[in-house]
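As written, the chains take the letters A, B, C, D, E and F, and residue 1 is the first residue of each chain.
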Amino acid sequence: MRLPVSTWPDIEAWLTKSKTIVIPIGSFEQHGPNGFIGTDALCPEIIANHAESLAPDDILIGPTFAVGCAQHHLGFPGTVTLRPSTMIASMVDWTESLMRHGFERLYWLNGHGGNIATIEAAFSEIHARRSFDPRGADNRPGLTLKRRDWWDFRDVMSTVNQLYPTGHGSHATASEVSVTYWGYPERERSSTKMTPKIAPTGTIGDAVQYRRDFPDGRIGSDPTQSNIEDGGKIVAVAAKCVLEEVARFSA
Amino acid sequence: MRLPVSTWPDIEAWLTKSKTIVIPIGSFEQHGPNGFIGTDALCPEIIANHAESLAPDDILIGPTFAVGCAQHHLGFPGTVTLRPSTMIASMVDWTESLMRHGFERLYWLNGHGGNIATIEAAFSEIHARRSFDPRGADNRPGLTLKRRDWWDFRDVMSTVNQLYPTGHGSHATASEVSVTYWGYPERERSSTKMTPKIAPTGTIGDAVQYRRDFPDGRIGSDPTQSNIEDGGKIVAVAAKCVLEEVARFSA
Amino acid sequence: MRLPVSTWPDIEAWLTKSKTIVIPIGSFEQHGPNGFIGTDALCPEIIANHAESLAPDDILIGPTFAVGCAQHHLGFPGTVTLRPSTMIASMVDWTESLMRHGFERLYWLNGHGGNIATIEAAFSEIHARRSFDPRGADNRPGLTLKRRDWWDFRDVMSTVNQLYPTGHGSHATASEVSVTYWGYPERERSSTKMTPKIAPTGTIGDAVQYRRDFPDGRIGSDPTQSNIEDGGKIVAVAAKCVLEEVARFSA
Amino acid sequence: MRLPVSTWPDIEAWLTKSKTIVIPIGSFEQHGPNGFIGTDALCPEIIANHAESLAPDDILIGPTFAVGCAQHHLGFPGTVTLRPSTMIASMVDWTESLMRHGFERLYWLNGHGGNIATIEAAFSEIHARRSFDPRGADNRPGLTLKRRDWWDFRDVMSTVNQLYPTGHGSHATASEVSVTYWGYPERERSSTKMTPKIAPTGTIGDAVQYRRDFPDGRIGSDPTQSNIEDGGKIVAVAAKCVLEEVARFSA
Amino acid sequence: MRLPVSTWPDIEAWLTKSKTIVIPIGSFEQHGPNGFIGTDALCPEIIANHAESLAPDDILIGPTFAVGCAQHHLGFPGTVTLRPSTMIASMVDWTESLMRHGFERLYWLNGHGGNIATIEAAFSEIHARRSFDPRGADNRPGLTLKRRDWWDFRDVMSTVNQLYPTGHGSHATASEVSVTYWGYPERERSSTKMTPKIAPTGTIGDAVQYRRDFPDGRIGSDPTQSNIEDGGKIVAVAAKCVLEEVARFSA
Amino acid sequence: MRLPVSTWPDIEAWLTKSKTIVIPIGSFEQHGPNGFIGTDALCPEIIANHAESLAPDDILIGPTFAVGCAQHHLGFPGTVTLRPSTMIASMVDWTESLMRHGFERLYWLNGHGGNIATIEAAFSEIHARRSFDPRGADNRPGLTLKRRDWWDFRDVMSTVNQLYPTGHGSHATASEVSVTYWGYPERERSSTKMTPKIAPTGTIGDAVQYRRDFPDGRIGSDPTQSNIEDGGKIVAVAAKCVLEEVARFSA
């Protein structure tokens, strides 16, 4: 089931059989010369929706938390970021909303490495409210918060390693660009040229430093390798991993 | 151009000819027995994207600000809300991100009446930062923030009045449900039954009071009238209005 | 009864018969060449206190929330503003204080158009706390928050239209200046000259833009028409409207 | 000059000769059986306005910051408080507003002992913004923030000690009640009975503890001694002290 | 007992006999040419730990709240400060943590005059949470918050006056420097020269003003008088005072 | 050099040759039956101070950021935590203080796994301020923020693996307890008994869940193996690693 295009009676019915919801969470930030700005939000959304299409009765996909932590990309037009403190406040509000309805297991399917720290900090902020106030702890509903980076399943990694033995990289990666091409085939940009073929690597600070060190936005990647077909393979594997893990998570 | 599926060089090029961006802004909240929870986010997104498909070189559509102010709907499962203070902080971050790139004219295409106050408060918060600090005011970039509720164009209203002379309502309206059916025809729910045919009206407070006074979530509406074809008509009119107004706004 | 000059036993007694309080809410901002900076706070205070003098046993007037949202007037000396986020936090604290005592119906008599959005956002922030936490909803006290702009009663509007068929305007209006002259007759400034007679109109952004577009601070008004006698008429009508509406609101 | 009933050109003219403004700052909280809830806001306002009436060209009185830190009085109906963090945010906004116009010397005439800590913390918060950022320190305007508790002038204290050798107390004091009776003679309550004649003393914690330890709200005082005539004497002395100190402060 | 080097079962056992904890609270800021930057944190820590060594079963020393309000010293390298609003938030978190375990009496042993206002504001912020919500007040645990400035015991003051009849001063005082020399004898700096011998006095604003008016950081003091032996005397007296007062506080 | 026991002229001199500072950062939380509550703050402080004692001219140790993110341990008495949002605000203030003096390279030596996410989120918050405002980016000072978990050096890990081939664990580890015993030998608790010998493992949520799943506080560890001698070995290796890495970091 997809929450955005479901009705409230649908969700009320879902809650009679499951307390779990999957929330794609991403970022809006430059992804090099041929990657979409929305890449990090689109990837988990594409994968989650594909999983849902395979097993619509088994998984509930919530709204996508689309804009995350991308301050280091602000040197490139189109990037939109939240401050970490704003992102934490937003995730608190989302979570309290869902807890209000009876959800107890939130599975955040993450599409952005730069979100990891703030997502985990938000989890801690949310749990802290409960930890400070133990009243009624025996009777109150449970709460389990889990983050999964979509690229981090073992099967996804082995697929990606096979497809891109070199030049996969760590930002504007060959795999994530492929996933978005599969999701939006009419927007595919495979003919874009890049120099150098494989982008440099380095450390990340603020936006001025980032653009100076990574002039076209990529880190360590060669996304000229990206294509629709690869994207489809990756999505298929990732969606299967998500379904399996969410089933275990809900048990 | 659609920012989510564009690259940063695309946006850099756009900024050489325009300082304007359109941001759909909505809410995730119950919309009665046959309306989608995402209705208020989907409507402005559908309209904006349709406008863009008519004139892709003339308009830039940013990411959708999908979750807004919906505390009063929390009594219905699936609703997700930000506190107004969180929404203001988020809109500040979005706006500062876009100003960083050179955008000076932000046109927020709004899909939710309950967002109006907080959007305007956020505008005031954003302007206040500039107003407190007048240093360099002569040289600094301009900033114009505009909110447009998509249903509030004269042509849209006359279309809607023709289609739904009775039972249009003010929440889970016949028109907004139609727009989403046109956008997601495979999810259409026109056969849902409702009693009473036209929902009651009243005032809004907190979530407990809302669910007590509006038991199925609708206010004053009969969305059993909604259908795909009507949605297409409304979208066509609204998209045209948006294109015209954005052209004037950017001039 | 006027809270500022009442004792706590007075308020304790009031609460045995009513859960309603009226709070004048305004702004401190320039009001053109002959309007007082405190105009927007003084008008609702004058009207509320006049209503109280007519029926001291029927209405309780709280302290005036005097400084509101006026960032756009900061280009004119004397203007004092809160950021919207600060104003929301303050209104939350006022409301929680009053709820602590048993007040359940807060009627905010507003004197400033620029406050409207933030007042409504604050209402939403306050209700959100209750909406997130439905525990004990059946037993907990009610809470109704209402904003009334004093110029917006039908009888007030018709009086004003009769008095000022032209040049009433939308900032530093002829009517609000008259109300303050009636309240503070020794400070009357009716002989001030202005050019042009009727001020320009336009849109509002930050403080630098405002002072550029509205050089003497007025928008669309000719407050040289203002006088003490008119002020008295307007106050009489508005006070009567407030008494009637508050009686209905409390019922 | 009184800012609330002045125009912006008045303030612009004032700033050509002075950078100083006096801001009465108080609290809305119970003041025992015969003291007004607004006592702590009214006293500094009455004294400041009286000072202004003696020397209208020499002193500028700003709006009254009326609601302060009164959490410990919340057990008594009518008390309204800000959290200290809200009060700090509000004082930051007021100060930045006034600095925007060129004020460099803010003299806060305080009417509430419970405000002292938070006022000083707010001063530190305001200065911190400048201290973190020393850029342009040589050219930027100065900023001096001063708090004066009206009862703390030597001449005021000796007057009060003469008038009330016993039972002056520390909350709902004989002197502050007299000041408000002089300011609002038609509201005088001198015939109220209290038991015991002199209220107990003790330490202050939260609101529940306060009402338990101080059942009628007073601390150490016998305000049955209060009267209009005494109030007039105290105001005369205090106003003179304020005028003298503000003259030195502005030099 | 010292909490930092105790185990949780130790604290669990402590709570069966006492609800009191002592928290040293200080600041990290310049202390003139021969005073340590950590002086204000080290002094209460040294005194508290010495008290504990005299009566380890009678007192529990918590972690040191080491960084406080020092914005005015930022003109001198090494100073670290919190904004008052951050310090309040931190003290709220510390206090709620300790209340979670059953502590009801927190005794903050303060080492910095510049902390006083913010500590008291934090107490008010903490109590406000309880005051706004009186539910269950009869059954809920008590909470008493007390601040003690270590130099403010009568016996400490008389010792200090004997040791330093002139040049004790108010910042980088002779006594506090001696206390730290006793605590860290290997770091003693008694041979440092200073001009003038006794530093100037004045008022405090922001960091730029402070360094201009107090060029070597001291206010009114001659800490060339400081020495290890004096420090030992002061610590002995202060530790005794703390033990006595904490015993009364816990009773 | 150790900042807490240095003077401001010492730091001024240091800044003429280095822009680097090392800040131990930890947590105050239960560490099982024989580990100190301060373990996570003490370990990086002990290691940093030992490094400084080996090469006092080559490294500057700042104050210890002692209380971090420990909400999950609040079920055990003595634990003190900051909310992540408070910790971020505090780290922002510390960093801005140090940047004010000219520090450009902050090396946070971390002692707590639960801090990692929030430290990284704070780095992002700090950089965001610079990224939003690129004005003067060419001339402004650099800023490099680095986190190092002390146990994560390769040489430290191999030492620890040799010493504790089994039962090292992930909370209240054998190694960290040994480090604190070396630092505070008089507090050593090696004879404490525990059952089971090696603690269980699992996932972490809120405080109630944590204490239920890990009844004596340990995760996966057998700290009965801990002893002073092992602690000395670990500290020696870790201090050497810190010195080497800080030298590279500063280059």
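Here, a contact is a pair of C-beta atoms (placed from the backbone, for glycine too) under 8 Å apart; a residue touches a chain by one contact, two chains touch by 3 or more.
All of these numbers come straight from a predicted model, not from anything done at the bench.
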Steps needed, at fewest, to go from chain C to chain E via touching chains: 1
Labels of chains that are neighbours to chain C and to chain D: B, E
A-B, A-C or C-E - pair sharing over half of the C-D contact pairs: A-B
Relative to chain C, chain with the most remote C-alpha centre: F
B-D or A-F, whichever has more C-beta pairs in contact: A-F
Whole-Å separation of chain centres (CA-atom averages), chain D against chain F: 47
Chain B-chain C separation of Cα centroids, rounded to whole Å: 30
Junction residues of chain F - those touching two or more other chains: 74, 81, 83, 85, 89, 97, 100, 131-132, 134, 207
Overall pattern in which the protein chains touch one another (line/ring/star/complete/other): other
Touching pairs - complete list by chain label: A-B, A-C, A-E, A-F, B-C, B-D, B-F, C-D, C-E, D-E, D-F, E-F
In the complex with chain A, residue positions of chain F that touch it: 69, 71-72, 74-75, 81, 83-85, 88-89, 114, 116-122, 124-125, 127-128, 130-132, 134, 137, 142-145, 205-209
Chain C residues within the chain A interface of the complex: 131-132, 134
Parts of chain D lying in touch with chain C, wherever the complex brings them together: 3-12, 14-15, 28, 30-38, 41-42, 62-64, 66-67, 74, 76-83, 85-86, 89-90, 92-94, 97-98, 100-102, 180, 184, 187, 189, 207, 217
Contacting residues of chain E [partner chain A, same complex]: 96-97, 100
